[in-house]
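What follows is a pair of complexes built around chain A, which joins chain B in one and chain C in the other.
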Partner chain A sequence: MADFLNSYSIQRWLELCPQGYLEDTVYGHEEGESEAEVLLADDDLRTDAIRSTVQLVVGERAALAASSGLVNAAPDYPSKHFLATQTLDEARHVEIFTQRLFDLGVKKADLESTIDHFANPHLVKFAEVLLEKVDSGDFIAGVVGQNIVLEGLAFSVFEMMETSNRVSNPKFAHTLAGTIADERRHVGFGENRIGSLIKEHPEKKSEIEQMQKDMAYHMLKTFSLSFDEGRDNVDKARDVMGDVGSADFHGTDLSTATSEEMQTVLEQTVIGEFKTRLARIGLEYQAPVGV
Partner chain B sequence: MNNQASTDPITQAVTTEEPRRTFELEDRGFREVPKKWRKFYRHWEGEDDWLGPNEIICPVCKVVIRSKRELRVGDRLYCMPCMSRMVVVEAQDGSLATEVIY
Partner chain C sequence: MSPEHDSDRADLGHPDPEFDPHALNQEDFLNEVHSFEFWFQAVEGYLRDRPYGHAEGEQSSPVGVADLGQSEKDSLITTLCNYCVGETAALEGASGMIAIAPNRHSKIFLATQVADEARHLEVFLHRLRDLGIANPEAEIERRANPTLLVFKRRLLELVRSGDWSAALLAQNVILESMEHSAFMVHAATADPVTAEILDGVMKDERRHLGFGENDLGRLLADHPGNRARLAGIRGELDGLVLAVFSRAADDLATDRSMRADMGREYLETMDRLGLV
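Let's turn to the complex of A and B:
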């Protein structure tokens, strides 16, 4: 255990992250980049962008609370060190997505009211399920919820958003690319650390699987509401942005897909990843009921 | 890591089979690891992409891990972007896959 955890050192994090792919970035993107003019000029599209970015801030605030809470719950110092680096990663994500809200025209004085107004209630519930485990000091459940369920969700959502923004909004795509690189470490730690702990604590399985089931329920409800809210603007965004070429995401061309098709491919991708990740660490994916 | 190429992510399995093909690796723009390791990784580029005999996808973080040598069953690999360790196995369809080592 200790041997593999040495890779997740603060020194390695420094080399990979601030001295590596984040070097010379400004709030996660290249200096001088700005949001697409057509996005800022259209109220519907700008509001849509604010709504979707609020969900990123809400998710990252949950990840910040969870990873910082898990530092104290971790049973060993290498895990505490990694979670300390993850805490800074998550704080950075909160900051860069909050900065995007400002770039989209949200005034600083209106930040919290804007987040309250647009936050998806199911995403808030999703976070509450996770933070209940973290607050009780349950390290194994907390890491599964944070580094496998939440980070697994974020990983696919960020990839989808990065793919669809690569041509039309390079500034946002670059911001997302740095967060995806961070998420790789987070899911890696989750699987590697918990893979061995689950074997040592098989009595935890049913409780953790119930947590995963609850989180998956709220995740799918989040997707459903989010794609419903954005449905009317999909065609308008394509008209305004013009031809941006194909954007393949797991076999679906996001540049031509309907809102329903995008929701389907995202759900299938995230749930498929949950199943394989959980199976690798000895847990069985529990499908939520009623969604 | 092996002694032949300290940066290569592969630790080659002991084998008596025919010699392996070798490959010249170029930097494919993967910026998520320090410079001297960048040629050993690349992003998967979607359904039109394909894997060479020296490449395999990390099952944890989905980047393509690349070696200077052809991969074979039993090789052990390290994925620097997610820091996972894995071993190359044969999938049901006969292709190469990986199993993560915990």
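Let's turn to the complex of A and C:
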């Protein structure tokens, strides 16, 4: 265990992240890059971008609260070290996505009211399920909820957004690329560290699976509401952005797909990832009912 | 600007040498200095090419260790074990404070502090291994100063109580000041590798202490009614801090004037806040 945790040390993180793929970036993107002009010029598209970025801020704030809350519950120094790097990663994500809201025209004085206005209520519930486990000091459930479920969700959502913005909005795509690299590390820690703990505490399985089921329910409701809200602007965005070429995301071309097709491929991707990652730590994916 | 301020500014590591965050208005100042970007620029200058806090070439042959006598080596091990206790307290305290921080700037600053404290813990653990300690966690448990453990417990109680100003005082002013004072005195006589590690750690501690003093200073200016309550907490913790200093000075066999330096810096910080 100690050997694998050495690869999650602060020293390794410093070399890999601030001195690695984040070197020479400003708020996660190359210096001088800005949001696509056409996006800033169109009120509907800009509002849509603000709405989707607010969900990223809400998710990252939950991740910051969860990872910092888990430091105290961690049973060993190497896990505390890793969670300290994750805490800073999540704070950076909060910062860069908040900065994007400012770049999209949100005034600093209006930040919190904008977040309150656009935050998806199901995403807020999703975070509450996780933070309840963190607040009770439940390290195993907290890491599964944070590093497998929340991070697994973020990983696929960021990948999808990065794919669809690669040509039309390189600044945002670059911002997302750094967060994807971070999330990959977080998910890796969750899988590697928790597998052995679940073997030691099989009695925790049912409680953790129930948490995963509750989180998956709110995640799917979040997707459903988000794609509903953005549906009307899909065609408009394509008209305004012009031909950006194909954008393949797990077999679906995001440049031509309908809103329903995009929602389906995202759900299938995230749930597929959940099944794979949960199986690796000895858990079985629990499908939520009523959604 | 005084030479001392010039030195502080150099520690910021900002790409523009003329940049002075203190010239910004308060909102922009907080946006600037309590950010990942600012932290990144600050640590980059003194952490690059210093794995585990010291220059790379020194990693495999820890300079100075071979020259230490058995008694000096044993004292250093005890001292480092207690630094690990202090840094664990700082790590758990700072991470717990994120949940109760009153605004985004403070949460982001504390996240940078969490990574700093974890790095300090990591470099001290690494140094213990350099000194031949195969199981640092067991050694820390064996050598931990009981008074420091009491301080840690009290700090975490204040954090868990959700009292932001009390937690900020205990963590970012008292603990950071205590650590900075002890490290400064130790660095003056330490072997070169330990001294270089302590130098990097103190640069971080100055940033944490600055955050604590600034935020608490603003808070006391806005809510002077808090002063008496916080002075009471300071009074309660002072005894523990001075007892920790006394034991640390014994471990390091420091002379009388250095013992006085340790306590003086700490007391000066407390007096700056007017918590008497």
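Here is the rule we use: the second predicted complex is superposed on the first by the 291 of 291 C-alpha atoms of A that agree within 3 Å, B and C clash if a C-alpha of one lies under 4 Å from a C-alpha of the other, contacts with A are read in each partner's own complex, and residues count from 1 in each chain.
One rule holds for everything that comes next: a contact is a pair of C-beta atoms (placed from the backbone, for glycine too) under 8 Å apart; a residue touches a chain by one contact, two chains touch by 3 or more.
As the structure is a computational prediction, the values presented were derived from the model and not from experiment.
Asker: I'd like to know which partner A:Ser196 touches here: chain B for first, chain C for second, both or neither.
Answerer: The first partner, chain B, only.
Asker: Is A:Val291 in contact with chain B, with chain C, with both, or with neither (first, second, both, neither)?
Answerer: It touches nothing on chain B or chain C.
Asker: Scan A:Ala279 for contacts with chain B and chain C and give back first, second, both or neither.
Answerer: So A:Ala279 meets neither chain B nor chain C here.
Asker: Should A:Gly69 be classified as contacting the first partner (chain B), the second (chain C), both, or neither?
Answerer: second
Asker: For A:Ala41, is the partner it touches chain B (first), chain C (second), both, or none of the two (neither)?
Answerer: neither
Asker: In the superposed arrangement, does A:Ala84 touch chain B (first), chain C (second), both or neither?
Answerer: second
Asker: Take the contacts of chain A with chain B and those with chain C, and give the residues found in both.
Answerer: Common interface on chain A, chain B vs chain C: 15, 19.
Asker: Using the touch definition from the top, list the residues of chain A that touch chain C in their complex.
Answerer: Within the complex, chain A contacts chain C at residues 9-11, 13-15, 18-19, 22, 26-27, 64-65, 68-69, 71-72, 76-77, 80-81, 83-85, 87-88, 90-92, 94-95, 98, 108, 111.
Asker: Where on chain C is chain A touching in the complex?
Answerer: 27, 35-37, 39-40, 43-44, 47-48, 51-52, 88, 91-92, 95-96, 98-99, 104, 107-108, 110-112, 114-115, 117-119, 121-122, 125, 137, 156
Asker: Tell me, which parts of chain B touch chain A in their complex?
Answerer: Checking each residue of chain B against chain A gives 31-34, 46-48, 59-63, 79-85, 100, 102.
Asker: Which chain A residues qualify as touching chain B in the complex?
Answerer: 4, 7-8, 12, 15-16, 19-21, 181, 183-185, 187-189, 191-192, 195-196, 199, 248-249, 251, 276-277, 280-281
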